[in-house]
Amino acid sequence: MLEFYLAQVVNGLIVGLIYALMAVGLSLIFSVLKIVNFAHGDCYMIGGFFSYYLATLLGFHPIAAVFVGMLGVMAVGILIHQLLLKPLYTPKVERKGEYAILMTFGIGIFLQNLAMALFGPWTKRPPDFIPGVTKLGFLFIDNNRLVVAGVGIVIMLVLLYVIGRTFIGKALRAVSQDRDAAAIVGVNPVRMNLLAFGIGVGLAGAAGALIGPVFLISPVMGILPGVKSFVIIVLGGMGSIRGAIIASILLGLVESLGSVFFLDPTRGLAYKNAFGVLLLALVLLFKPTGLFGEKFVRLE
Amino acid sequence: MRKLFVVLAALGLGFLGSAAEYILIGGVAPLSAPGAAESGHEMKLAMEMAVAEINAAGGVLGKEIKLVVEDTRGLPEEGSAAMNRLADMGVVGVVGEFHSAVAKAEIEVAKARKLPFIISEAWADVLTAKQYKYVFRIAPANSLFYTKVADWIRAVGFKNVVAIVENTDWGLGVNGVLERELGTKPNIYGEKVKYTYIVAERTVTDFTPQLLRFKAMRPRPDLIMNIFTGTGEYLIVKQAAEIGLAPTRETAMFAVGTSALYPEFWETVGDYGLFVITKTGYHPILGVTPAIKEFVSKFREKYGRTPTFAAMEAYDSIYTLVKAIEMAKSTDPDDIVAALEKVRHDGVLGTIYFSTEKEPAWMYHQWPGAKAVVIQYTEVGQKYTEALLLWPAILKP
Amino acid sequence: MLEVVDLVKDFGGIRAVNRLSFKVEENELLGIIGPNGSGKTTTINLISGVLKPTSGKIIFQGRRIDGLPPYEIARRGIGRTFQVTQVFRRMTVLENMFVPAYASPQRRSDREIRRKAMEILSFLKIYHLRKEYARNLSGGQQKLLEIGRVLMLDPKVIMMDEPFAGIHPKLKLEIHGYIREMHREGRTFIIISHDLQTIFTLSQRLIVLSGGEKIYDGTPEGAKEDERVVEAYLGE
């Protein structure tokens, strides 16, 4: 029975890493732009399709396709930001919070329907990163999941390095903490917004591209992961990158073990998505700002 | 935007109505999320093909047919709204639907607004068991079909059957039939069949935790009933294979949903699809009628994919409705219903007619001719039409 | 080097700055004083681009800068501090110093930037705090950090909004000393203060604002005897 629980833990960790890629991007966008990107799940979906077509039509190596797909989603993000989100920083838009919600929501619906029209509703599977299964004693782990975990960790480390160690990362953090003070020392906040949005949706795209061979792709694949990332960033504390990573792993583990320890095993999987919300409710009860949250922030 | 489009479409049709003479037929199908859009689209293509052919042959009652297919998104409220919109536009009858939960809402509108409605591909018993005058069904009722699947499970001698069931009317309905049939009758060796199931949402993408639990069960399950459709169905097949659970020497995998018949099955599960068992209402071994041959080749030529059972049902639904209109020589709903009770249409799936027996309840206005065959893929990438036939044994070549 | 011509700023119906004109020469140390609501901070906000003028011109080194965004003005060499210190609280002192480096128009190597930051921190005597989070600093230390951060931009003009408000007298003297030293190095200063005593001893030239208008422009000594200035302060 120990093997069984260990297998669940490994599975939970890997799923948690996938959540983390998504949620970190959402958190980055929130911390710098002070908006919640409701199109995040759909950027994840676009990433899945980009890398699928790069690999199948253009013959890219599946792992190369993930990175090129990520760049493609970044480009889409930059376009969205320049065309549709930039008005947020002008006095033309008065109710900025509402504008951002409606705009990103609309973009999400548009992307989903566009994908439905362009790619069709059928489920697709990108080629394997590495086919087959790795047997570690009693553990059976799909090789694709191992690749997802490995590449996910690498992307996350690069991101943490950029945010924490480089000058550009410091400028990003400065804007997230105090836009006016950052502007007064020469940092262009709009440029930082663009950068954060590009990186943020790029990460979602990378997650979608990575997940393709594991969970398959379809135009609706982003809906649930999108919702989960919202849960995660609230759980981890709005705008906290570290919080998002820890909350993701936590959610992966809770979902994996929760459906096993649930009192009525026949309903365990039916309540899978509820475990995250339960966890959220518990955390918020004792720490209303989330695990690593600072204080309530809002775009004025 | 979509609403605006519908309004424009309605206005456009209204305008045409005053100028041209035509008969309007409605279609309902899930064309977008959270519905099973992949199946909805296939049904829509088949309906359009049928209408195009009928019009090319001169239409019905000397008039051209126009088809309006409404998206129900797999949501009951959207389904009843769609039916009401169609009634407002003045359709003489409606065909289609894929999700039982949605059909359940739609039959209420059909009843209230006197709309002859042929359900193409929704299986819940209750749909015909309500015995509404205006409601007919070509798709098999769950009981009609899954009793036969349960017969196969018992005939093979399975003892420990586990099921993952999608939390929809269809999934729960199938599960209900299997639970009843397997729980009350022993298998071929006279042993009691242990049937356990778990229910999961359609949105779940990681079934691994639950599948690991099955793998840890002692004795190990000998059959997994994968009562899912769409992405979930593929993921269960894939993830069960990844953890070395099924299909293996100890445990078989039965993919129940229609999606197991689509080319996407092989694209998504790859090698893991080998030895997966599934079911279909159509198989060449049942006799490849010229109608089937013709339909399959026309559909392939037009849309580049092999049609499944759902497409054939949608196609036959249109033809049957049109034939009834022709027999009735009228578009009055009561005349059409009277004609539907008498119609015999030699369709793709066989001779379509509707029973008027009221016992069992679901038999009313049901096409009793639906066949159930259990098949198994014996080669990677195999078309389901070439898969090995397991049941009914009597049909084995 | 900096010239303000007929500057006007309206907030709704209220005119905060009215046809204000003045010039600042290179390496001047200009003080701006005036009663509450006289438009001092608004003037600085207009020059630094935080606010857009209703009308009028601001010319820096021969080019108009009014209407430019704050970061552009900062990059051209006008730095400022705030009345309420605005440091990046969730970053260390050293990280705070690096934020302007990214925006700096001169491309310098990482090593140079580091060396420069260390130099400035030593100059301000907060080098020992470099690894501390800014939120853990005292109010006075945060003020020094803010000054240090502005220096990272290597600005030609430094505008300070109430640098002596609410700090320990010892620190006041210290900042006083830093300003003199930086001024000796050739920088231009515009300082707003309520603290008349300090500003009188510090500045070379004084502008007095009242009700958004300039009522005096001259030596600090002369201001003490000016009727309008005395009236403006007594009226307060």
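Observations
Per-chain numbering from 1; labels A, B and C assigned in written order.
We adopt the following convention: contacts are C-beta pairs under 8 Å (C-beta built on N, C-alpha and C of every residue); 3 or more make two chains touch, one makes a residue touch a chain.
Just so you know, these numbers come straight off a predicted model, no measurement behind them.
Here the chain pair with the top count of touching C-beta pairs is A-B. When every chain is represented by the mean of its C-alpha atoms, the one lying closest to the mean of all protein C-alpha atoms is A.
We define each chain's centre as the mean of its Cα atoms; on that basis chain A and chain C are separated by 42 Å. With centres taken as mean Cα positions, chain B sits 35 Å from chain A.
The centroid of the Cα atoms in chain B and the matching centroid in chain C are 75 Å apart. Those residues of chain A whose C-beta lies close enough to touch chain B in the complex are 1, 3-4, 7-8, 11-12, 15, 112-113, 116, 120-125, 128, 131, 133, 135, 140-142, 215-216, 218-221, 223-224, 255-257, 259-260, 265-270, 272-273. Chain contact summary for the complex, chain C toward chain A: residues 48-50, 69-72, 74-75, 79-80, 82, 86-91, 95-96, 98-104, 110, 113, 149-150, 152-153. Put simply, chain A touches chain C in their complex at residues 167-168, 170-171, 173-174, 177-178, 180-189, 294. Looking at the complex, you find that chain B touches chain A at residues 31-34, 37-38, 40-41, 164, 167, 196-201, 203-210, 212-213, 215-216, 230-231, 234-235, 238-239, 242-244, 259, 262, 264, 267-270.
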